[in-house]
Structure formats: structure tokens, C-alpha cells
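Below are two complexes that have chain A in common, paired first with chain B and then with chain C.
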Partner chain A sequence: MATALKLKELYKKEDRLTPGHRLCAGCAAPIIVRQILTAIDEPVVLANATGCLEVSTTIYPYTAWDVPWIHTAFETAASTISGVETMYRSLVKQGKIEDRGIKFVAFGGDGGTYDIGIQALSGMMERGHKALYVCYNNEAYMNTGIQRSGATPLGAWTTTSPVGRVIPGKPRPRKDLTAIAAAHDIPYAAQAAPHKWRDLMKKVRKAVAANGASFMNVLSSCNRGWRHETDQTIEVTRLAVETCYWPLYEVEDGEWKLTYRPKEKLPIEEFLKPQGRFRHLFSEENKHIIGQLQTGVDRKWRKLLERCGEEE
Partner chain B sequence: MVNPNAGWKEIPWGGKIVEAGNAREYETGSWRAQQPVVDQETCINCLECWVFCPDVSIDVKDGEMVGFHLRFCKGCGICASICPVEAITMVAEAEAEGS
Partner chain C sequence: MSRFEAMDGNAATAEAMRQINPDVVPAYPITPQTSTVQTFSQFVADGEVDTEFIRVESEHSAMAACIGASAAGGRVMTATSANGLALMWEMVYIAASNRTPIVMTVVNRALSGPINIHCDHSDSMGARDAGWIQLFGENPQEGYDNCIQAVRIAEHEDVLLPVMSMYDGFITSHGLERVQIEDDGAIKDFVGPFTAHEALLDVDHPVTYGPLDFYDFYMEHKRQQVEGMKHARRVILEVAADFEKRFGRHYGFFDGYRLDDAELALVVLSSTAGTARSVVDDLRSQGLKVGLLKPRVFRPFPAEELADALRDKAVVGVMDRSDSFGALGGPLFMELSAAFKIHDVPAKTVDYVFGLGGRDTTPDQIESVFRDLAGIAETGKIQQPVTYLGVRE
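Take a look at the complex of A and B:
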């Protein structure tokens, strides 16, 4: 019997990510990782691409992982977990080890997933390894000091899309990696956010139960890079979902399904306002970019509703 | 634990860390500028703070939220901001120590 998704039950489980890690105060990444590892009842083996999560949890000679964990290069979390999963399957088949129902999970940031690791991820999904790849997506290279990535939204300030006379923040929109993953026809792909912890945990359970590769893209606020107060981490991801900037949905065997629909779709400004990385957009000369962001969100939302067979 | 000053002949191959979860030995509580304080009368033990704490610093015993692991709490204030009944407040570290 799987542990019920009730906090009164879940808190009794052993912490697979320990305190004493050195991620920033108010970072969303450890919240997401804890939710994911708490949702899985089976033993796990993890691979972690280079990034904030890897660096800050394993400062020598300490490790905050109480489960088998492999650090791998920026681009190879998906290939590492593919190899581990294949070796396990082979050893079980040869009768050299017992099948203990181990679940294989890879973690990468948006830099290691959207940009540097996309080839390895695509390969893992196409080959159909029985592993879950999780992108904790904080929308820039935060570990190295807030450089723009393929996940950085239009108009956002980063140190490599600086706001000034030449450009008003990032000139290009982000790519839609969840849709790219779904286009691989894998059994399970989903988008989640930590404020909806039960929705996130349900998705994790479906993902690790899938007969093949699965992918989850989880929005992970970074208060250093997004420029908001450290206590607003959960609120800001809530606003991302309520504005439909970050819709919560899943694609199961090709079927698209919305897992949460805001009662009232909030204007994109509600998500932008608390964040310093968008502050310049509220000046007179940049206001049109907010319009472009809203148009982009509306267009993607309509498309998503259509794919999910929902009415507008 | 491996001595951080050990030479290459003494450390495990590949720079492996062989003690799982030994970050528990590392205190991050000193990072804190403000400290969470809970009003037990108001708290409804919903444990939302437990699921949203980035630092595994909510102390839960027998299904009840009984306080904070201040050895690790970095004082981000997420617990106070998400508490549905506003049972948690953040106070300046110096004030909390004085009290």
C-alpha cells in the first residue's frame, strides 16, 4: 500500500534529503526535491546534473543525500540515469541481483535540461528508459550568477540579458520543454509547481509507475535571481499558475489533461509585480512587453485548453 | 567523516562521500537573521509548514507541529507566509535571543 498523500502520514517518512544542505534561504529546489522523494515509497537511485542543487547539497566532505546519488556533468544527467537503469535491468535479468523495484530519478536545472542536457534527455526519452527526469526550472543559470537560459521568459532581467538602452531584458521568449518532451510520445510528461504539493506528488507517482521514460518540469522560484523576498517562494509559484503563465497539466499516453484550472485567470502583471527581474517592464517605454507576454500566455493557454479538450 | 585537510592518499577514490546524509552534521542555523516563533494556541497542526520548509526544520511529533529545528532553520520565513491561520511570526534574531 502506498503511503496516503496526507501530511499527517507523509511526515513520518525518513528524510531522503537532509537538513544542513547549503541552498539559499527560501530556495524552492529543496522543497520540490523533498516533495518528490517523499512521494516515492520505493527505493531510489538518483543522478544529478551540475547546478545549484548538486553544488549546494554536496560540499565536500558533506552530502545531504541519504539515498544513492550520482553527480554527473551538466549535460549528462539523463545519460547517467539511462546507464544505471540499464545496468540494473541487466543484472536483474542475469540473476545477479534481486529486483527490489528501484525507481530511477534524474534531477537537472533548466540550464542542464533546456539547454546543455537536452540531447541526452531526448535520447533517454526516445530509448524509453524506465526513469523519471525532473527539471527544477528556475528560469536561468542561477548557480553561476543569473545568466539567461532557454527557460528565461521574454523581458526578464538577467546578467546576460541586462536592462539598458540596447535591450529591455531578454529579447526572446522561453521554449516549451514540456511540450517538446511530450512530442517524444513518452508514457508520461507533466508540469507541476510546489505550492500544489498533492498535485505534484500524484504526478510523481504516475511518472515512476510509467512503463518507460517520464518527464516532469517543475517551476522553482529563485529569490536571488527572480528578485523577490525569501518568504514569497510559494506565493510566486501560485501566481505563476493562477495567471496561466505556468499551467498544471499532464500528458499520459498522448492524452493531454489539465490537472488544475484557475477559477479566474489573473492578468500576467500579478505574476510580474512581486519580482525585481521584471521591474523595468512597468516603465512607460517597456509596457508593450507586458502586452507581448500576456499575448504569449493567452495563446499558449488557448492551445493547451484545445489539446486538453476543455472549453475556453 | 573524511578530514577535509586529508591528502589524496587518504581520501576515498573519486572524491566519493561515503557517509550518506552527513550534512546533518553541518549547521546552517547561523545564517539566520530572523527566527520563526509559533503560537501553539493558534496552530491547527495542518503541517503545511512541514511540506514547504526548504530546510527540513519543522519539528513534528505525533502529528503535531511542536517547533523548529533552529540548528538548521535559515530564517527564510516561508512557514510564516504560508501558515493558513497565521500562527507563525518572524522575529529578529537578536530579539529572539534576548527573550
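Take a look at the complex of A and C:
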């Protein structure tokens, strides 16, 4: 019997990512990781791309991981977990080790997933390794000091898409990696956010039960890069979902399904306002970019509703 | 009972891999390694091996998957060439520093650019500082034998370092020769079962692989890799001795040919040694005291043993099938020159860069090298420390 997704049951489970790591106050990444690892009752083996989560949890001779964990390089979480998972299948098939029902999970930030690691991720999904790849997506290269990635939204300030006299932040919109993953015809792909923890945990359970590769894209606020107060981590991801900037949905065996629909779709400004990375957009000369962002969100939302068979 | 077969180097390597029966093989096709991967794929498809084969989407992912699979706790092999090895570069270093005992056949091919599919040693010579043990083989038989010995060397608990087994692209990889294939059971006995160290799949004893390692520990970890390489010197010879006892073929750090009483010696790796041997015979019949030394082990570099073997020679000519641009000569020449200096070998040394991008090296050219060495012995003067053989200047 799986542990019920109730706080009074879940809190009894031992932490697999233990206290003492050096991630920043208010970072969403460890919240997400703990939600994911708490959702899984089976033994796990993890791979981690280079990034904040990796450097902050394993400063030698310490480790915050109470489960087997491997990091090789930036772009290799998917290829490394492919090797680990394949060895497990091989040894179990040959009877060299017992089948313990191990679940394999890879973690990468958006830099390691949307950009430098997308080839390895695509390979892992196409080959059908029985592993869950989780992108904890904070929409920029935060570990190296807030540089733009393929996940950075239109207009956002980063240190490599600075707000200058002629260019006001990132000139291009982000790519839709969840749809790219779903286009691989994997059995399970989903978007999630940590404020909807039960939704996220349900998705994790479906993902690790899938007979093949699965992918989850989880919005992960970084207060250093997004420029908001450290106590606004959960609130800002809530606003991302309520504005439909970050819709919560899943694609199960090709079937698209909305897992949460805001009662009232908030204007994009509600998500932008608390974040310093968008402050310049509220000046008179840049206001049109907010309009472009809203148009982009509306278009993607309509398309998603259509894919999910929902009324507008 | 062993059997004799007509096989090219890649078929012999695939046969060795079939007999070793690794748990996981992640591999990506690249000329001239491709037929190894193809042949092995067929073994997997026909159920002749227990191996799980990961048909990765690039060599970078091949090596990353090798590291993951090896750390998981089983035997892992792969193969590549040239640009494939270059694409792996980042992971090649990480494989060594994680002490994952992966065995990789590298079918030597010139690195781009310009793109070229034929043999030289620029690919594996570029990886000489990556922390891998490097064995060079002359022919399909040596490719087969080195591949098998590499498993024992890599997995020895005093070593735990990955091993590259090299042979020449096309010349050896696609050249059909008589190869003695040992009995499946005898190879299985020789390589033995894999012993896992700190396996990721041992979920009851969780380990962290690849942590962030700063100035307070990084240097000690690098020093431990050096220690593994030192142990490899002993283990390579122990494994070779056991191999000879079981299968009758002798291996060491290098192979000498009419070397003992030679005054002029040529040092050359891999298939060119075969051509050089016939030149040595011709010149010996003319009364010239010439000999050949073919290194087998490049990493760890057997400096002292090479110095001792060449100590009493008048002139030593090195033939390098790759260059090190802006350096004093090719990699083999530089290493050997340093070994001579450290171990007080008085012999004069000169370098001949040859065969780049698969350029043919003829017996006439090798004879011209020996004539050159004879001239240096006579005059005591080196006109040109590095010569490019057979190039239009």
C-alpha cells in the first residue's frame, strides 16, 4: 500500500534529502525534491546534473543525500541515469541482483535540461529508459549567477539579458520543453508546481509507475534570480499557475489533461509584479512587452485547453 | 580448445566482447570502429550475450552512460574512434576520476579537421593525460588479447582505472589476419566475475558519486589516481604473465625485435612495427646493426624499462603517428626524451612524424630513417630533431 498523500502520514517518512545542505533560504529546489522523494515509497537511485542542487548538497566530504546519488557533468543527468537504469535491468535479468523495484530519477535545472542537456534527455526518452527526469525550472542559469537560458521568459532581466539602453531584457520567448518531451510519445509527461504539492506528488507516482521514460517540468522559484522576498517562494509559483503562465497538466499515453484550472485567470501582471526581474517592464516604454507576454500566455493557454478537450 | 580464424581487428574485438559478456555496452557508431558495434549488436540480437546494449545518441552520452552503468555496479565496455573520442572528452576524464573500470577500444583515426577517416594516433594521444591506461596493439590478435587483458587490469582493486585498447584504423580494424581465438570458457575463467565497489544499486548502503570537491580535498583525490596508475604497472605485468601461462602469448610493456645487439633502434607503435620489422631484417642482412622497439603500454609510461632497453644504443629514432603542435616533437618522442634525460641514457634521439591521416608509410621510408640514424651515429650530429616523413614540403 502506498503511503496516503496526507500530511499526517507523509511527515512520518524519513527525509531522503537531509538537512544541512547549503541551498539558499527560500529556494524552491529542495522543497520540490523532498516532495518528489517523499511521494516515492520504493527505493530510489538518483542522478543529478551540475547545478545549484548538486553543488549545494554534496560539498565533499559531506553529502545531504541518504539515497544513492551520482553526478557526472552538466549535460549528462539523462545519459548517466540511462546507464544506471540499464545496469539494473541487466543485473536483475541475469539474476545477479534481486529485483527491489528501484525507481530511477534524474534532476536537472533548466540550463542542464532545456539547453545543454536536451540531446541526452531526448535520447533517454526515445530509448525508453524506465526513469523519471525532473527539470527543476528556475528559468535561468542560477548556479553561475543568473544567466539567461532557453527557459527564460520574454522580457526577463538576467545578467546576460540585461536591461540596457537599447535592449530591455530577453528579446525572445522561452521554449515549451514539456510539449517537446510529450512529442517523444513517452508514457508520461507533466508540468507541476510546489504550491500544489498533492498534484505534484500524484504526478510523481504516475511518472515512476509508467512503463518507460517520464518527464516532469516543475517551476522552481529562485529568489536570487527572480528578485523577490525569500518568503514569497510558494506564493510566486501560485501566481504563475493562477495567471496560466505555468499551467498544471499531464500527458498520459498521449492524452492531454488539465489537472488544475484557475477559477478566474489572473492577468500576467500579477505574476510579474512581485519579481524584480520584470520591474523594468512596468515603465512606459516597455509596457508593450507585458502585452506581448499576455498575448503569448493567452495563445498557449487556448492551445492547451484545445489539446485537453476543455471549453474556453 | 582455441581455434584459428581469419578476422579483421574489429571482428576480433567484437569476439572478445562476446566472450567477456559485459553487463552493459553503451556505444555509438563511428568509422572505423563501426563494424565492432554492428557485430556486437548482432550478438545481442541473437541472444549470444547477456549484455544490455544502449544505442546512445552520441559518444558524449555513451561515456556518461558507461560511467553511470559502471558506478551502478557491473562490467561495462564500449568502443569509439577519433571525433567520437573527442566528443567524449569531458566524460573521459570523469570516468577516470570516478575510478570506474570501463574498457574502451579506440580504433585510431585522425582527428578533424580537415575531416579524415584514416589512421593516425591524434585521437588517443590527445587523451593521454585523461587518467586512462593506454594499450596499443599491432594487429587483430593483439587487439583481441589486449581487450581481454584490459578487463582484468581495469578491475584490479589496486587499480580501478579505465583502460583504452588501441589499434590502427582500417590497417588493423579492417585488415583480415589469422587470429587465435581462445575457448569461451577459458576467457570467462580468465576475466572472472565482476566485483562491485561502492555500487549505486546497493540501496541499503547509499553512496554519493561525483560530489563537489574543492581545494581542500581535490588534490588528494588526484594523488590517489596517480597511485592507481603506479599499481597498474605491476598489475599489467601480472595479468600478462597469467595470460601467457594460459594462452602462450607473451606481453609486456613493449616488444623488442633484434634489439639486444642493435646500435640503431627505431621506436614505433602499432601496425607500422610490422613494416619496420621487415626493414630491420633487410638491413641486418646488409650488415647494419639495427633493431626495433614497439611500445605496448603508453600509460602508465614505462620510462625506466624503456630507458634500460635503449641505454646502450648509439641513436634512437622515434616514429610518431601524431604531432603535438608547437611542442618539441610528437608525444612518443617527448616522453622518451624525458625518460632518457631522467634515467641518464646517453643515446641521441630524433623524431619522425609520419602517416598522418592514413598516409601510407613504405619500407623505403623506414629504411631512409635507419640510414638517417646511421648518419647521426657516424657524424655525432643531429641536423634536424623532427622530420616529417613522406610529406610534400
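One rule holds for everything that comes next: the second predicted complex is superposed on the first by the 312 of 312 C-alpha atoms of A that agree within 3 Å, B and C clash if a C-alpha of one lies under 4 Å from a C-alpha of the other, contacts with A are read in each partner's own complex, and residues count from 1 in each chain.
Criterion: a residue touches a chain if its C-beta (ideal position, glycine included) is under 8 Å from a C-beta of that chain, and two chains touch if they have at least 3 such contacts.
This one's a predicted model, so the numbers in the text were calculated from it and none came from an experiment.
A.B. asks: Tell me the contact category for A:87 with respect to chain B and chain C: first, second, both or neither.
C.D. replies: Second partner only.
A.B. asks: Classify the contacts of A:18 with the two partner chains as first (chain B alone), second (chain C alone), both, or neither.
C.D. replies: first
A.B. asks: Which partner does A:61 contact after superposing on A: first (chain B), second (chain C), both, neither?
C.D. replies: After superposition on chain A, A:61 lies in contact with both partners, chain B and chain C.
A.B. asks: Examine A:194 and indicate which partner it touches, taking first as chain B and second as chain C; both and neither are also allowed.
C.D. replies: So A:194 only meets chain B here.
A.B. asks: Which holds for A:34: it touches chain B only (first), chain C only (second), both, or neither?
C.D. replies: First partner only, chain B.
A.B. asks: Does any part of chain A touch chain B in one structure and chain C in the other, and if so which residues?
C.D. replies: Shared contact residues on chain A: 58, 60-61, 63, 65-68.
A.B. asks: Which bits of chain B are touching chain A when the two form their complex?
C.D. replies: 1-4, 15, 17, 19-28, 31-32, 46-48, 50-57, 60, 63, 69, 71-72, 74-78, 80-82, 90
A.B. asks: Hey, which residues of chain C end up touching chain A in the complex?
C.D. replies: 23-24, 26, 50-52, 54-58, 60-62, 64-74, 76, 90-91, 94, 98, 200-203, 206-214, 217
A.B. asks: Over in the complex, which chain A residues touch chain B? Could you list them?
C.D. replies: 7-8, 10-11, 15, 17-31, 34-35, 57-58, 60-68, 194-195, 197, 229-235
A.B. asks: Note which residues of chain A are touching chain C in the complex, please.
C.D. replies: Counting only chain A, the residues touching chain C are 43-45, 47, 54-55, 58-61, 63, 65-73, 75-76, 78-84, 86-91, 93-94, 96-97, 100, 102, 119-120, 122-123, 126-127.
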